[in-house]
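Labels run A, B, C and D following the written order; every chain starts at residue 1.
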Amino acid sequence: MNAITLRLRQEPVVALEAEVITPDRFAEMSHEEICSSIVYHGKRQLRLDEFFDVDGERSDQLILHGDLHRVRHLGRAMTRGSLTAHGDVGMHLGAHMKAGQIEVFGNASDWVGAEMSGGKIHVHGHAGQQVGAAYRGSLAGMKGGLIIIDGSAGIEVGMRMRRGTIVIGGPAKDFVGLQMKGGTIVLRDGAEIRAGAWMQRGTIISLKPLDMMPTFARSGLQNPTFISVYSSLLKPHGCELPNDAAAGGYLRYAGDRAVPGKGEILVWQEHSANEAY
Amino acid sequence: MQKSKFLPRGRKDRTVVMVDIRETKSAKAADHFLQVRPGKDFELLTIMRAMIKDQEISEAEVAATGVSMEVLRDLIDQMKKAKFGVMFFGMGLSMTRGKHMNAAALLTFAAEMNAFTKFVAMPMRGHGNVTGADVIMRWQTGYPFGISLNRGYPRYNPGEFSTVDVLVRGDTDCAFIIGADPGATMPKPAIDHLAKVPTIVLDPHVTHTSRLSRVHITTAPAGIAAPGTGYRMDEVPMPLKPALNSPYPSDEEVVRRIKEAIAEKPDWMTNQPQMIESQV
Amino acid sequence: MLRITGGTVYDPANGIDGEVKDLYIADGRFSSKFETGRTIDATGLVIMPGGVDVHTHVAGGSINFARAMTPEDHRRTQAFIRSKTRRSGLGGMAPTTFATGYLYAGMGWTTVNEAAVPVLSARHTHEELRDIPIVDKSSLVLMANNEIILDLLEEGEDERAKHILAWHIWAAKSYGVKAVNPGGVASWKYGNDAKHLTSKIDGYDHVTPGTIITKFAKMIDELGIPHPLHLHCNNLGAPGNVETTLETMRHLEGSRAHFAHLQYHAYGGDDWGNMRSEAAQLADYFNAHPNMTTDAGAVLFGDTVTITADGPWQHLLYKLTGRKWGNLDVENETGCGIVPYTYRPSNLVNAVQWAVGLELLLLINDPWRVFLSTDHPNGACFWRYPEIIQLLMCSDYRNECMANLPPNIKNKISLPEIDREYTLYEIATITSAGPSRALGLPQKGDLGIGKDADLVIYHQDHDIARMFGHPRYVFKGGEIVIEEGDIRETPDGREYLVQPSYDPEIDKFLRPLFEDRYCMSFENYPVEMERIERSQIQDCVTLGGEGE
Amino acid sequence: MELKVIENATCTFCGCVCDDIELHADDMRIHQAKRACILGKSWFLNHTAEKKYPEALIDGQPASLDDAIQVAANYLYDADMPLVYGMSNTTCEAQKECVAMADLLGALLDSHTSL
């Protein structure tokens, strides 16, 4: 099965809502059906080929090219196949996704993988706010799957997430794991303030020191065995967690006591830096 | 101040605690003043949530908010003893770092205080009738603000459809501004975008925004020369009683006429179903 | 003019039970003559008067707060797309005003009664009611926790209290009086409740819930308000509360009363573990006392949002569910709590609640005194009424649903022993003719000459829920508003008000009390008549032997 | 000029919306706003019934109201993603028209609350 290629020809002036661009939909569509499928440029319904040159048909492998930063809802609720974007993408990438793979060679905007329940999203650049989060009012964010952001991320990473894993390569902003209920967030380059605020359960692992909320209780340095399990799971995705007791350990914080919650935040601490604590 | 059988001495029977980053005139009118360190509202409120659940917090952590443990314990005791507590909060809370989460911290704390006594919370809304806008949008669209109607039905996502974000990203190509002067208050990239696209302003004055707009229409000031309704911040609607007759038309009349002029043009949304079962 | 021919008509107000009969409509009313105009062939179709909802929450501060609290539901629900002549809207647990009109009319309901309006938010409620298209509307004002009136009752100033009550009904441009957890909501202002008719109310030495209830019923009867005291009893939702409810009923002998959402007041047992249905006991008493009407407040399994002026109950529900909780206080008058909730068949308490609603509808033998309601949105959303009709009409379907209940529900409910099935005639009674009569709206729920031409035409269908969910036609005021699922017209509905008489001098007495307590001007408090669009004042009534 | 007195007038400067203000006004301006706070006083006293501004401006030039309404309608209709914003210092009646217009337009709709 050859992949379908979409090249952005006409840049949208305002947001282009293109939830139709998913492997599930295009897998059953002829070339003409893909070209004539409806996208929303602001308030106007237009044909997809007013913006994209389309090559191929009936495939669940999609490849997109161009500056797609105004193109929203790519891969929405997808359950199969793959979507690869060469260029920046707009909001809601892979939101409600259930299975399949998304890879972005560029930056992504807000709500990457929001409320997703399965599958994998890998953004090689930076991501905006609310990665893997719950939409406003929803009780649960991400419920499964894996999100890897190589670059930085905005506020509220994993807000109200229940299961699944998020790895942020660069620095994250405020409120990582806000009201988190489960799952794991790995911060390879730390975060700004209020990480883990109001968390009930779940785990945040930070490889850099964190500015902790006052409502977390610290216990001693540990090297939990599940770290090595996690590390081997994440290794194929290019992420390893230090777990050499000779080199250091994880400071464990429990909270958030305001809830009161049973979440944990593990902050990697090399032995040489230990005196600081 | 209102007296009642429960508070027969009016103000004397009420206790006002002011929490602010600096001692303002309002602080002087209060019975107690708590000075919180700037940017520590969220932490302070979260600590208080933990304390009313008898969770241990270290004195040093509390002190980092600018309020001592002793003062905080005393405040919580007083709050628990109150018969009916109200937490008022303003933009100092909701528009500093943390924004809606600072407000959420206060609302959650107020809810949790009901385990001990009656407590409610209320935003101190500025800007005249912004509460009316909120209330009306809720009953007509289901959402209070940050709404998109581009698909023919209301959708809500602050951050995506909220004005500053929309303007900064350049996601609109025509702005209609009424009863507000974003040209004076918004960040520069937002103002630049307003100047770039056709902007239409309705205002009793020629405002900053009017000066960068394509169309300005002068309207009668609400409540002074235009009649109607305005909502108090506790969502009680009040009749407006204009004292002056304006030479200008009311906002209501002008918006209606623009709406009617648009309605005369052909509809671009055709072949739409009456209803859809699942939304985007 | 319009003629509807050949339909099978169910018109309980005129004793017509499934007769094939032609109907004529002129100027929005049923007429005896037809000269020229459109003819609609209804051969093989079922005709009933348009539905009347005696108890729902569709407009005002509390439902609007519920809308703000549930964006996650708005996102997943059905969306009405705007057309050039019709506004957009969202359905779901707390529908927008426009969608409320579309959804009610869409299943053949043409009149709704908003059951809980504080005077302070009456102006707001009327603005929302105006934005509910198609259906006619009325609203009830919340009074039984009003500080000024309770103070007068405390002092034994009953006559003055009655004038003040009448003043407030007119100030709110209301249609009648709702009493919610009398005394309990007042106590809730200080975090307490009043669970029994003899409970102490914070700030009062003599007045108890019992005195409030009896005196309010009497005042309303004396004022001749067409709809009797509309009562939400104390101790809602609690195991064992049937005692409170029966005691309340005994207090009301000799007065008219409408018991709202009786399902929530019919429980035995003494904790959540042994809670059981006492619907049979309640129905027995009710059947023997014709002074009362009730609406079921039935529960259906699924998601909803609960809203009630019963603040203490809502705080308990929030603690039980650990979900969102909203709480409003309305100065001097009342308050409101809001909690999203999911009724689950696997939950024993919910299963009992589900059964109790149906048991009451099936065990109360006079369909003119028990009406279909879910206390929208508390028990379920109003747009699910067709499901309840199916449960009432098909005992097989009921048994099928009961199979999903937890096994330990045995001996806690009596539903399995009931084999009654509603007829179409009885359905027309509990959904239209009965509630119209209870509301004192004789022009509604009646296909007789001169009455409002609000009617619904259904396909005959063995799938009852589908039949009632998808009418062939809905007429409002003689106009086709729904045709085979399509919204044809969205006319503005009327609003019904009452204007009870009171001593005009009562202003002078009330003003200083008001100015002491309230933070708004006395002059600005009453809703101006010109704000009510298409208002219609219903006359007060004289009750046999009890009127002044 | 004769002064008229408005009792229990409502001040919409801030969210408190006090409704016990006594206004003394002639045809042109409000001279007194009794019981109003310092913010309310300046709110009432700074507005006049004078015709200080042209009824409308198009591209900065004075224009007629009719033309301005038509030009505004054209811009909004032609836009792919119009925005309706503000609605603070105006009446509920105008707000309802704004929401209705946004509904018709398929616009973004937002108030000060989102700030």
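Here, a contact is a pair of C-beta atoms (placed from the backbone, for glycine too) under 8 Å apart; a residue touches a chain by one contact, two chains touch by 3 or more.
Since this is a predicted model, take the numbers as computed values, not measurements.
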item: Chain occupying the middle, per Cα centroid; value: B
item: Most heavily contacting chain pair (counted by C-beta pairs in contact); value: B-D
item: Chain whose average C-alpha position is farthest from subunit C's own; value: A
item: Gap in Å, rounded to a whole number, between the CA centres of subunit D and subunit B; value: 18
item: Subunit C and subunit D: spacing of chain centres that average the CA atoms, whole Å; value: 39
item: Separation of mean Cα positions, subunit B and subunit A [Å, integer]; value: 31
item: Separation of subunit A from subunit D, taking each centre as the mean of its C-alpha atoms, in whole Å; value: 44
item: Residues of subunit C whose C-beta touches two or more other chains; value: 71, 75, 82, 84, 87-88, 127, 520, 524
item: Contacts with two or more other chains, residues of subunit D listed in rising order; value: 8, 10, 19, 79-82, 92, 100, 103-107
item: Contacts with two or more other chains, residues of subunit B listed in rising order; value: 140-141, 144, 149-152, 156, 158, 171-173, 229, 231-232, 236-239, 263, 268-269
item: Subunit A contact footprint on subunit C (complex, rising order); value: 69-73, 75, 323
item: Of subunit B, residues touching subunit A in the complex; value: 42-43, 46-47, 49-50, 53, 55-58, 61-62, 64-65, 97-98, 101, 149-151, 156-160, 170-173, 268-269, 280
item: Touch list for subunit A against partner subunit B, complex; value: 13-15, 17, 19, 40, 42-45, 70, 73, 76, 91, 110-111, 129-130, 135-136, 174-175, 178, 193-194, 197-198, 213-215, 217, 256-260
item: List of subunit A residues in touch with subunit C within their complex; value: 135-139
item: Complex contacts: residues of subunit B adjacent to subunit D; value: 95, 123-134, 136-137, 140-141, 144-152, 158, 161-164, 166-167, 171-180, 182, 185, 197-198, 200, 202, 204-206, 210-211, 213-218, 221-233, 236-241, 243-252, 254-259, 261-263, 265, 268-269
